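Only one structure is covered here, and it is reproduced in the block below.
By letter and in written order, the chains are A, B and C; residue numbering begins at 1 in each of them.
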Amino acid sequence: MAQIRLKNVSKRWNNFVGVDNFNLDIADQEFLVLLGPSGCGKTTTMRMIAGLEEITEGEIWIGDRLVNKLEPKDRDISMVFQSYGLYPNMTVYENIRFPLKVRKVPQEQHHERVMAASKMVELDDFLQRRPAALSGGQRQRVALARAIVREPNAFLMDEPLSNLDAKLRVSTRAQIKNLHHTLKRTTIYVTHDQIEAMTLADRVVVMSKGLVQQVGTPMEIYDRPANTFVASFIGSPAMNLIKGSIEGGVFTSEGIRIEGLTLAAKGPVTLGFRAEDASLAQASGQIEAPIYTVELLGDATMLSMRVAGELVSIKVNKDYRAEIGELARVAIPASACHLFDHSTGARIA
Amino acid sequence: MPNKTFFAFILPSLIAMVLFIALPIVSVVVQSLYVAHERVMVQVENCQPFGGCSTELRVDAAATAELQREQPLGRFNGLGTYFNRAHLATDELGAILSSDRSFDQKVAQIFNLPFYKALIFTLVYCFVVTPLAMALGFAIALAVNALPKVTKGPIIFFSLLPMIITPLIGSLILYWMLSPNGILGATIQHIFNDPTLSLRASPVLTWTALLVYGVWTNGPFSFVVFYAGLQTVPADTLESAMIDGASRWERIRYVIIPHLAPLATFVALVQLMDNFRVFEPIVGFSAEANATSLSYLIYNDLSGDAQQFGSAGATSVITIIGVVILLMPVLIRTWREFKLKAV
Amino acid sequence: MSDAVAQKRPLALNAIIYGFIVLWVILAAVPFFWTVWGSFKVEADFFSRESWWNAIFGTSTTRQTGNAFTGAGYYGAWVLRDFWRAAGNTIIVTVCVTVISLTLGTLGGYALARSGRNYAFWILIAALVFRAMPHITLVSGYLLPFFQLNIWGVLPTSIIVLVAINQPFTLWMLHSFFLSIPKDLDESAMVDGCTRFQAFRLVIMPVMWPGVVTTGLFSFLLGYNDFAVTAMLLSAENQTMVPKISSFLGSIQETGNVMYAVAAVVSATVPLFILVLFFQRQIVSGLTAGAVKG
């Protein structure tokens, strides 16, 4: 049983706010991802849960214990660090065994559990090496094995994949997902890579500047971003955001006009749509503008054009070819549009 | 790290420093305000069989000892010690300065005041030895850096010797070589063709010897630090300077020296601090007749038969103030940086 | 790289470089060799009125003892003048000072490196100021209280005083070594189930040895080379080598046995030679660790 509950948790250094009033209930066995740009307070949040950082304000509960004053060792969690934190003077085997040793797990269980953990991350061949003699991916797996060997209440992982190359990242990601499925432990995972967040998470917490922006399943966050920050942070390319005004369900701005929107209000708004929701129109489109660049991605072609001073991306068929400067007409269905308050950025429709 | 853990870890070290560094400083300040008791005198009647009686003043040894035991610090003297002849000598200094003697004579007279004699030597030692030792160290570092790899190890080995040698022993070794019958002393007499020239007889020679010793023993530290710094000079900057047509000297001037500048500040600071407490060489060279230092004055006060705690205390306090003045630039800079960080 | 560059250097420059280095090595090393060589001669040779060649060939030594070398100075110092006792005291003092300094210093340096708080910063600054204090000024603060407490003259007092004087430097140096060990390491250990102290002992100390050895060398040097503290705080029978040598000077020069002092000086220098021989790398790395000279 390890739900983790954060109540009004804040962290300040002098007068710099690292994390501001964080509230969240994490269910038992949930895979929760903290996502956000660099410096937004993800690591700080995780370190407060682990007990490595003092909490300035608020409460953290693990299971039914208030852990504010507990030492990290008494919180029964394990953590994978961004730079792995392997003990350089111990072999892989000793590294994995270390938590069992300091927690006084009976000696006779050690070997079996170390072997089980190392098997799970496919490390059996390297047990007698020192960390210095391992590749980045192998070190990463040692850190994972060390975290899982003692079967804690919860796993915390701080950007565990950020030091790996693209290919290893994909396979280790799959491994982590699979481990979570087998071990069924609450997992909190920090990343600034949205693909990791999307593929791994049961729920995602998007943070910015110490504040929670949105909490939801990956699909919710993708389909209904709570504000312009989330909209522009999630998705590749980011959602196109155009400032303009709305009146009677019609959005207009320089070079763009979209009808049939459901919002009755009137006044300045920000309109958003995703590159893949737009398509090329034959006769007349919502946007008509000269092409700024054409990028061939392989599986698709990305067009961009200038609309209302913003560069807008449109994803089209991979066979589409056009010259820079050519006029393109783009159709944007009203149903695919998101509307945000023009000043606060909060979602209004 | 929580406060409790932090203090649990650092407490032993902190206690040691407070007890044996901070408190002694306080104790020194207190001592400097006291002087030894005057001896207790008694009148004794002294009657001789044929000469009648006379009264006489005598030291009452028992009463003096008693007083000493009751008030070991001595009697309160305020700042008196600071201004007496052995220290700041304000009266004497005023008299000398207002007299109408020539400048040279004034200097000579000031030099006869023990405190100023020590202060002048200490400052000269500090500000001559430090730059010269740094220049020597830098030159050695440049030269060693240009040598083939195999020779570097042994040269570094020999270079370290003057630095790690016990200061008293190092100065004794040089002193013996410089004595009139030693190899250097005899050579110097020969060169100047003056059979009476010796450390004892010549203040100039004594000062030179002390300064040379200072450079000799301080140079290696600069050398090691600069040599390590040279290893980190970015190769591509050097190479691009070469391509830009910079000569050897220009490369040193515009690439290497700026790169080593922060290290040089560090070295200068450390050496100034160390040279300010110059002491052992004066004992080693038996130089006290011609050159003394602040530290030596304190040592001298403390090591006689009658230990003059008040006098030693006053010199110590003045010395400590000197150290703080030397450190001031660093402290101010640190304080500023700290302020910036806090805002 | 320097080999390739060396070929391009003009001959004259090379000559200057080599000449300078040879000159420096002579300046740095010859005084020591001269004194070591001379310590095996009689006084009339080491301080020769006629010619310093006598010191090399041992003319008077041969005349007086029948051999070009004599151990009389060493015999006099070690046996007749009890230098062995001073050597023993030096061993006790330096070993204790090194061990205690390192014990206190590693604990404190670790705390300073891992605490991000303001007071840690101020402790470091205070330590910097303390480090700059001339030792003799502190000594003048000790004497009176130590007389009163009746702890003057014995080895433990000197040891504790040297440890304390050494603390600022030790703290700085170890603190900078600890900073170079990633914080992740102790944090992993704490999450894995260690207390702070266990993390320090089981995880950090094993990777800290190079820093400890280097700092230890400098603590050793401080204890070994000290004159101000040991000369003033030890009674005559408890003296260590350096004050003992200094007390030789007064008594020996009169009786013409200055060679005792020369022999004692050489004896006290040998351990330092050996130290540099074996720990040259650590000394160099210690000096350059951005830390402070001992």
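By definition in this document, a residue touches a chain if its C-beta (ideal position, glycine included) is under 8 Å from a C-beta of that chain, and two chains touch if they have at least 3 such contacts.
Labels paired with UniProt names: A = ABC transporter ATP-binding protein; B, C = ABC transporter permease.
Note that the coordinates shown come from a computational prediction; the quantities given were computed from them, not determined experimentally.
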Discussion item. Report the chain ID whose CA centroid sits closest to the centroid of the full protein CA set.
Written reply: C
Worksheet entry | Chain pair with the greatest number of C-beta contact pairs | B-C
Worksheet item: What's the chain with its C-alpha centre farthest out from subunit C (ABC transporter permease)?
Response: A
Item to complete: Find the geometric centre of each of subunit B (ABC transporter permease) and subunit C (ABC transporter permease) from their Cα atoms only, then give the gap between the two centres in Å, rounded to an integer.
Response: 18
Worksheet item: Approximately how many whole Å separate the CA-defined centres of subunit A and subunit B (ABC transporter permease)?
Response: 61
Discussion item. With centres defined as the mean C-alpha position, give me the subunit A-subunit C (ABC transporter permease) separation in Å.
Written reply: 56
Response to the item:
Going by residue number, subunit A touches two or more other chains at none
Worksheet entry | Residues of subunit B (ABC transporter permease) touching at least two other chains | 342
Worksheet entry | Where subunit C (ABC transporter permease) touches two or more other chains at once, by residue number | none
Fill in: Residues of subunit C (ABC transporter permease) defined as touching subunit A within the complex
182, 184-185, 187-195, 198, 202-203, 206-207
Discussion item. Using the touch definition from the top, list the residues of subunit B (ABC transporter permease) that touch subunit C (ABC transporter permease) in their complex.
Written reply: 1, 3, 5-7, 9-10, 12-14, 16-17, 19-28, 31, 72-73, 139-140, 143-149, 153, 155-162, 164-169, 172-174, 176-177, 179, 181-183, 186-187, 216, 220-221, 224-225, 228-229, 235, 248, 266, 270-271, 273-274, 276-277, 279-280, 283, 286, 294-295, 298-299, 301-303, 307, 309, 312-313, 315-316, 319-320, 323-324, 326-327, 330-331, 334, 338, 342
Discussion item. Applying the document's contact rule, which stretches of subunit C (ABC transporter permease) touch subunit B (ABC transporter permease) when the two form their complex?
Written reply: 1-3, 5-6, 9, 13, 17, 20-21, 24-25, 27-29, 31-32, 34-35, 46-49, 52, 55, 103-105, 107-108, 110-112, 114-118, 120-121, 123, 125-145, 147-148, 160-161, 163-165, 167-168, 171, 196, 200, 221, 224-225, 227-228, 231-232, 242, 245-246, 249, 261-262, 265, 268-269, 272-273, 275-277, 280, 283-284, 287-288, 290, 292-293
Worksheet, complete the sentence: The subunit A residues in contact with subunit C (ABC transporter permease) across the complex are 47, 50-52, 71-73, 77-79, 81-89, 98-99, 102-103, 146, 150, 156
